[in-house]
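Just so it is clear, A, B and C label the chains in written order, and each chain counts residues from 1 on its own.
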């Protein structure tokens, strides 16, 4: 049964997953080709200097990529369910309604996480060629909020899409926009360090809010 | 689980509302806060307060622009010399441009410096290269389990140099890893004095590189100082190397070459919330310690003796009309950024007083009316009522954005 | 034994009453047709039956379980055809069969593939690119493969060509009767419906107009056409007719009364007529007679 559930979710999002990985890879190739080029032109010491003391982030191209990927996965997964209220079919399956929603959602979240882990892993590996651990750590610390934003976007967009009433979709979208903006608060390298844990916890508990829309749908909010 | 998911959403919406609404409020209503500049005049032997476009003495007597320039001759000596009104000598000292500019310096500390992400890699310059210009080194150092130099081009540790410096530090009793590392990591300075570094035990060291060899000095501190921030300065008078800020034992400067710690007479200075300013000229130093609604100015002679003090206090944010209005509308606000920090955090700021209770009560009444109009029983909406009573406007918005549809609805009244 | 029992359903949309104290049962093995014009509450009833809507008051039981909290085991016994033959149209016919088969231990794919073999679709063709008729066959095939005890078909005839509709009805009737299935079907297109259903429930705004076996309904609900002697004659048939239309001297009315009762009533009211004729009705005629044309 779980296999069937995951099979359907995979059919919906597989294209987006491959595109996301492709985009991530392209972005990383772009980053490291540029780093290599710039280091040849301005000398490695100066390049490090611009990161350490000028706040230059060589990875800023990645800033909105996790957000876009989170948005795309959520849409790919939940938009087909909302067309013609197709989610009714899902809720009619001989399994617990919340249970199947949780499984669908967990699958999407895990796939998203996997994409992010691949991107961050390759980023770390690539950075290790050019930079010491200090710079890599500071870079990851700076990028982490962006990737958390991707997860939060996924959770909130799922909530918005499954909500049956348009007016509430709008209200949820307003709240979601306000929340996701937090992750993009303009800040210097590493400035998010104290808030990473609370933000991670909030994002984690937001993973279950899709149940709220699912419940509203099942109780006939139309 | 589903009810729980709703409260998560409500809490998130309250958080977002408590960030967005106050931002909107301040954008519309905030007045520019007072932030005077204070100087000490050797001519009048008194402070000069620059407040907006007004220049005055502590008694409130206003100065014209000409008067203002005349009583601060070191600040405006170029203008005065051009006008031909610069005195030939002051206090028996001949006035010459090089000595005036050599003695002049300005330094400003804000609490942001203390609470900011810091680099963990630093360039170690060659202090005595024999060349006029400093050159950027090809490696950067870090001090963790040992002192390591990493060559940028290869991204590899220079073992030889690392061992050399680690040994030199160890010889002076440095306990790894380093705490604060302070230096001027740029070639645009008059000369290089390396770094002032605290070790894990809190001891202060001066580390630089002379002809490729480590130069390490352990700086004796008069007592156990809880050093929280060090800033190396490149002042032309070469009077001192750096400022040392302690948690609550005051501010020091480390005197050039002799490594004496000179305490600056600023009592009650809290580096986490107060601003510190120091302007120096040929005869005096003027220190201003400033809080959000007060300042204390201290004038020193060249031997660091206090010659004058002056303080002022004014309306704090929440005593001003805009702040009062805010405190009557919102019970608190959340900010992601703060004036006293470069870090992003959830800065929770409760509004002083209880004037916001009225708006909270109104929000509560609106919530009750909405619940009754929808035919929901009040009893099953008690959590919403409590949330609105406590968080006011934010709670009202949040509970309406994510309505409580779990309560059984009463049938509408039939016509 | 009832497959479906609905008791005292009352529901509002906002302040608009959909229906009040609606009760009905569906016996096991029977095919019940819930007929009504658009907007009379057919979909509301279906949504309550499937647990997608909580009624204001009252409850529906399917195999003894409240539809708001159906257990997976009971849901396994229910086949559900959504209005418009909605399916996961991002899948092709192989993917969707693979998907559903995982949920039903007694999955029998033979009838599904039998239906699919008649469709002129390619194996990789997504359902979204199929015609409405083809999609209805996919949806039907999936339900047949699921082999449920109770089939709930919401407005299955919508968008179907007459051929497909006839095919669907005949197939469904034969299948239901052979396998002793219970069927609950709604429709606003009445044509061909008498070929399918055992019992009829006709719904109008806020109320049920008829609820009985379709044979009984067809035998007792009649249409009479009379020609009046004088076109100026006032005709008051409130005592017997449920619906009356008068054009000059022609009067057309619908009633549950017999020919004799009607004639007696006309005489007692002093209504003179030249011709009297009972008209043979199809279910569709009867439906229109009962619910009026507008």
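Criterion: a contact is a pair of C-beta atoms (placed from the backbone, for glycine too) under 8 Å apart; a residue touches a chain by one contact, two chains touch by 3 or more.
In this text, all values refer to a predicted model and were calculated from it rather than measured experimentally.
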Practice task
Find me the chain with the mean Cα position closest to the mean of all the protein Cα atoms on display.
Solution key: A
Handout entry: Chain separated most widely from subunit B, comparing mean CA positions
Key = C
Practice task
Would you kindly tell me how far, in whole Å, the mean C-alpha position of subunit B lies from that of subunit A?
Solution key: 34
Handout entry: Cα-centroid distance, subunit A relative to subunit C, in whole angstrom
Key = 47
Problem - Rounded Å distance, subunit B centre to subunit C centre (Cα mean) - result: 75
Practice task
Please set out, as single numbers or ranges, the residues of subunit A touching at least two other chains.
Solution key: 219
Problem - subunit A to subunit C touching residues, read off their complex - result: 1, 3-5, 7-8, 11-12, 80, 84-86, 88-89, 91-96, 217-220
Practice task
Spell out the residues on subunit B that touch subunit A in their complex, using ranges where they run on.
Solution key: 1-2, 4-6, 8-9, 12-13, 15-17, 19-20, 116-117, 119-123, 136-140, 142, 150, 152-153, 155, 185-186, 336-337, 342-346, 398, 400-403, 405
Fill in the blank from the handout: Touching subunit A in the complex, subunit C uses residues 47, 50-54, 72-73, 75-76, 78, 80, 82, 84, 86-91, 95, 98-104
Handout entry: subunit B-touching residues of subunit A, taken from the complex the two chains share
Key = 43-49, 52-53, 98, 128-132, 134-135, 138, 159, 168, 171-172, 174-175, 178-179, 182, 185, 187-195, 198, 202, 205-206, 208-212, 214-216, 219, 221
